[in-house]
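What follows is a pair of complexes built around subunit A, which joins subunit B in one and subunit C in the other.
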Partner chain A sequence: MNAFINIIKDFPRYLWSGWGAIASLFLFLALWDLGNQFNGSLVLPSPQETFIALWQMLHTVEIWTDVAITVERSLWGFVISVVLGGGLGVLAGSFATASIMSRPIITVMMGVPPIAWIILALLWFGVSDGSIIFTLVVASFPIVFVGALQGTRTLEGDLNDMSNSFKTPLLMRLTDVYFPHVFSYIFPASISALGMSWKVVVMSELLASTPTGIGASLAVARSHFDSPVAMALVLIMVIFLLLIEYVFLEPIKREVEQWRN
Partner chain B sequence: MEPTNSKLVSTKKLTNEAVEWAYPQGKYPILLAYGFRPFFLLTPIYLTISILLWGLFWSGLLPLSFLENPLEWHLYEMLFGVTSAMMIGFILTAIPELYEGEKPIVGNTLLGLISLWVLGRVSFWFMDWLGVYMVAITNIPLIIWVVFLVAKPILQDPLKRQLSLAILFLVISAMQIWFFVAKIGWLASEPMAILKASVGVFMVLVLLAARRINMEAVNHWLEQNKIDDSYMARPPRYNVAILSVALYTIIEFLYPNNSALSWLAFAVMAAVLNTLNDFFLDEDPVFIRPFIWPLFTMLVMMSLGYGLIGWDYLVPEVYAINHFRHLLTLGSLGMAYFMVLVIVSHLHTGRDFIPSNWIGFGALLILVATILRGIAIPFVGNIASWGYMLSSILWVLPFIGFLIIYGKWLQQPRADGLPG
Partner chain C sequence: MAQLIIKNLYHKFGATEILADINFSLAQGKVISIVGPSGSGKTTLLHLCGNLLEIVDGEVDNSFSSQAFAFQDARLLPWQTALDNIAFGLKGGGVAKKQRHKLATKMAFKLGLNNDDLAKFPKDLSGGMRQRVAFARALVIKPELMFLDEPFSALDIGLKQELQHLLMGLVVNEKLSIFFITHDLAEAIKISDEILVLDADPGRIVKQIVLDRPRESRDEDYIFNTTRQLLQDPQIISTFELNFKKK
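What follows is the complex of A and B.
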């Protein structure tokens, strides 16, 4: 509860500190604008054209439905990855043998590009939400798994001995000793996993030729040569990811990782 | 000739920490006893006259018939006449304080500097009669002379802490030379475009000065009120702001009306807002405190000015960039003038800096005048006729107040009996 109050209390100041990032993004927009001036709107629509397309798009019902569907798929993939990756990672981390054995398998999984997974998933499960979510899980799960494994492996033996000698109750040991340490590994890994699932979901939608989702809208924009709409869709994805990462996850991360200082 | 001997005297910095500085031996008229005295006495007088004349002219009440190009006169004199004098007064006063053992510029040298400044002002007023060459000869040497006078301690400092200020002074001098070269016709550049670009250079000056003044002022306040916290103006934040201003200014000069300018202006807005993060301390909301809020507002106005300029480029129908530019000049520069005048005149006349209601009121007048001139006039119909005059009057009032309250301090010996 205290952590939550702290997050809320520091939130305005945290938000204001974002102006530095916004300044860099505006400089990037200026560069983008120059790119438009050199290449023309067909190749690279100007930021202004893109924002206008985005504004018009946001006034349609379809885009909200598409966004909702994509968010839902991506969240499913993400949640399954975190639960599965976190659980199995902690389990594997608790036993030296399991961690040694699981490492090569995870390396193989991470070595297979997501684009290959989606093709396999389409062959196995056909065009369905299941194929997309499967691809998301296999692409993001190893990231969380490795984080959880490392977190568990690096738990300090001294702290464990100390809590043993003080006969610390299991619950307290879990919440005050193990959890903060393991969480500080799982949390950043989850943020990476979220980024991964968000990127992969759109790619999977596009490749799987699903009729719905942002990926499907992107495919339509491509077939119509509608660059402003395509850029606007890209922008929606980026804005969503930035919002989730910097408005929700980063403040939590700062609060949870405070013990490191 | 200045006497070469010096004696060490002890005095107080803004932070109340005792420092030793050298003062040249000899007796000097009070007005020539320290760099800020003549400059800070004459500049507010000159600024008041110029702005009131400008207000009368712009409201159509008074023709400035002796000037061929009144707009050029207004811009040049506000930037290279008024702001240069402020920065010269500031640097001449700051250098002996920043570098221990460095003697202040006093006596004949100071008389030479202030005389050259006065000559520069008079000559510009009568440029149509004297000719551009004459005006250039009287205007250009002043800043270069000042840089020459302060260069030694700045270059000898192993950390080169004040080098950015010295370089900026040279850039300002280069802009001035460029203006005259264009005016003579040796270069095809538009003199007005050079003056507009100079506004950007002076905004960098405000940022560099703000970084130094804010550190001193905020920490002084924290110490005075026994608050266990400290203010740190983080250089990377200011560097991003300076880089953004520089990019905006260069692109605006080379490619006026380019669509990328809107994003660059927004980048400046965001980067300047980012510098405000330094003010958000854990222990105290310092940015609402007396004499600190004007420093905070100085940056807010710069940010708002660039934000509105960016919006103007994005939506051409707004068409009010020249109005919005006043948030930078009247607002940000004006607030910087006022705060520098007030803070320096307190401390360097041997008085402890205690915030008074009057300072807050003066800063508020500058804020109101800026909002009227920069935002209300372009957006509210039918107020232009009296709005120009009213904003001019409101804006000069704090400076008239300064002359009434502090004018006599500038002409009297230090209250603590120390030389200077």
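What follows is the complex of A and C.
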């Protein structure tokens, strides 16, 4: 609760600190426009064309349903990854043998590119939400798993001894000693996993040729050679990621990690 | 009456013998100090006595009903504020939040910490503050027996003196017993009933000094003279290799 109030309290100051980020965004826009002037609108539509296309798009119902569907899929993939990766990671980290054995499996999972996974998923499960979510989980789960594993492996015996010396009950040891440490590993891993599932979801939608989602709209834009629309869709994805990252995750991160150096 | 009795205690890490044939006892209301060169096994002995290390060879008989530690490294929870760290033991003992914060704050003030310090995370505390937080965490649960591993090593002389007095008050008034590790001979002479000198390789008790004079009447002169006397003792000279340093 306290943490929540602190997050809200710090928010204006946090926004103010965003000026640097905004400046660099504008620089990016300028370079983008320069690219347009050199390459022409078919290759790289200008920021202006793109924003017009975006504006028009935002007035249609379809884009909102597409965004909603894509968000829903990636959230499912993300949540499953975090729950599964966190749970199994802690479990594997608790046993030396399990952590040694899981390493190669995770390396394999991370080594196979998501684009290969979606093909396999399509072969196994056909075109469905299931295939897409499966791909997201396979791509994001190892990240969280490794975080949780490392967090559990690096639990300090010294702090454990300390808490035992006070005859601390198990529940309190979990909440006060183990959890904060493991969480400090799982949290950043989850942020990476979220970014991963957001990127992979669109790719999966496109490759799976589902009729819905941002990926599907992207496929349509491609078949019509409609670069401004394609660009606008990319923009939507980026804006979403930025919003989640900076409006939602970053303030939480500041609050929960303020004890760190 | 509660006491801590150590009989024929040996300890090894791997193949290295760390402690050999340790025997002593600590009665209620008494202070025993361990002095000895760095690496002689003082911390190991403390952990064995406090049941933090498994006893392989020998006997440790501890009949105190409660005990608390101030570790050589403070061992604070980095994700909790100084206040919550001090209240850690109380929370484990089931004391309600308001009450434990009240008790922790009171104890912190006694040790010269202020409200500002209490709101900080360990990373923002000075070494001496961290040491005091760890010390407060042990004191605040009012244990019968305290294991203190160089608890004042990072403090200035003023604070050190203050906290020594605080401890001695508890020994006299509350019958607190203390297992005390220090590198400071004068400090040991000031507060102990008995000093054990531990020599290294393997750690063994080579000298046992009983201080008869009541603590209240140990003035500067007494402490100074006794320290000087000890520093001339051949056993101490060889244990700490004092001759070597003179050359």
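In this text, the second predicted complex is superposed on the first by the 260 of 261 C-alpha atoms of A that agree within 3 Å, B and C clash if a C-alpha of one lies under 4 Å from a C-alpha of the other, contacts with A are read in each partner's own complex, and residues count from 1 in each chain.
Everything that follows uses one rule, which is that contacts are C-beta pairs under 8 Å (C-beta built on N, C-alpha and C of every residue); 3 or more make two chains touch, one makes a residue touch a chain.
Because the structure is a prediction, the values reported are computed rather than measured.
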Simultaneous placement of subunit C and subunit B on subunit A, clash or fit: fit
Partner chain in contact with A:227 - subunit B first, subunit C second, else both or neither: neither
Partner chain(s) touched by A:30 [first = subunit B, second = subunit C, both, neither]: first
First, second, both or neither for A:217, with subunit B first and subunit C second: neither
First (subunit B), second (subunit C), both or neither touched by A:158: second
Touching partner for A:99 - first (subunit B), second (subunit C), both, neither: neither
Partner chain in contact with A:22 - subunit B first, subunit C second, else both or neither: first
Overlay on chain A, subunit C to subunit B nearest C-alpha distance, Å: 12
Subunit B and subunit C contact sites that coincide on subunit A, given as residue numbers: none
Residues of subunit B defined as touching subunit A within the complex: 237, 240-241, 244, 247, 251, 258-260, 262-264, 266-271, 273-274, 276-277, 280, 314
Subunit A-facing residues of subunit C, complex: 47, 50, 52, 67-69, 71, 73, 75, 77-80, 88-89, 91-93, 121-123, 141
Of all residues in subunit A, those that touch subunit C in their complex: 158-159, 161-169, 172, 176-177, 180-181, 184, 258-261
Residue ranges of subunit A in contact with subunit B within the complex: 13, 16-17, 19-20, 22-24, 26-27, 29-34, 37, 46-48
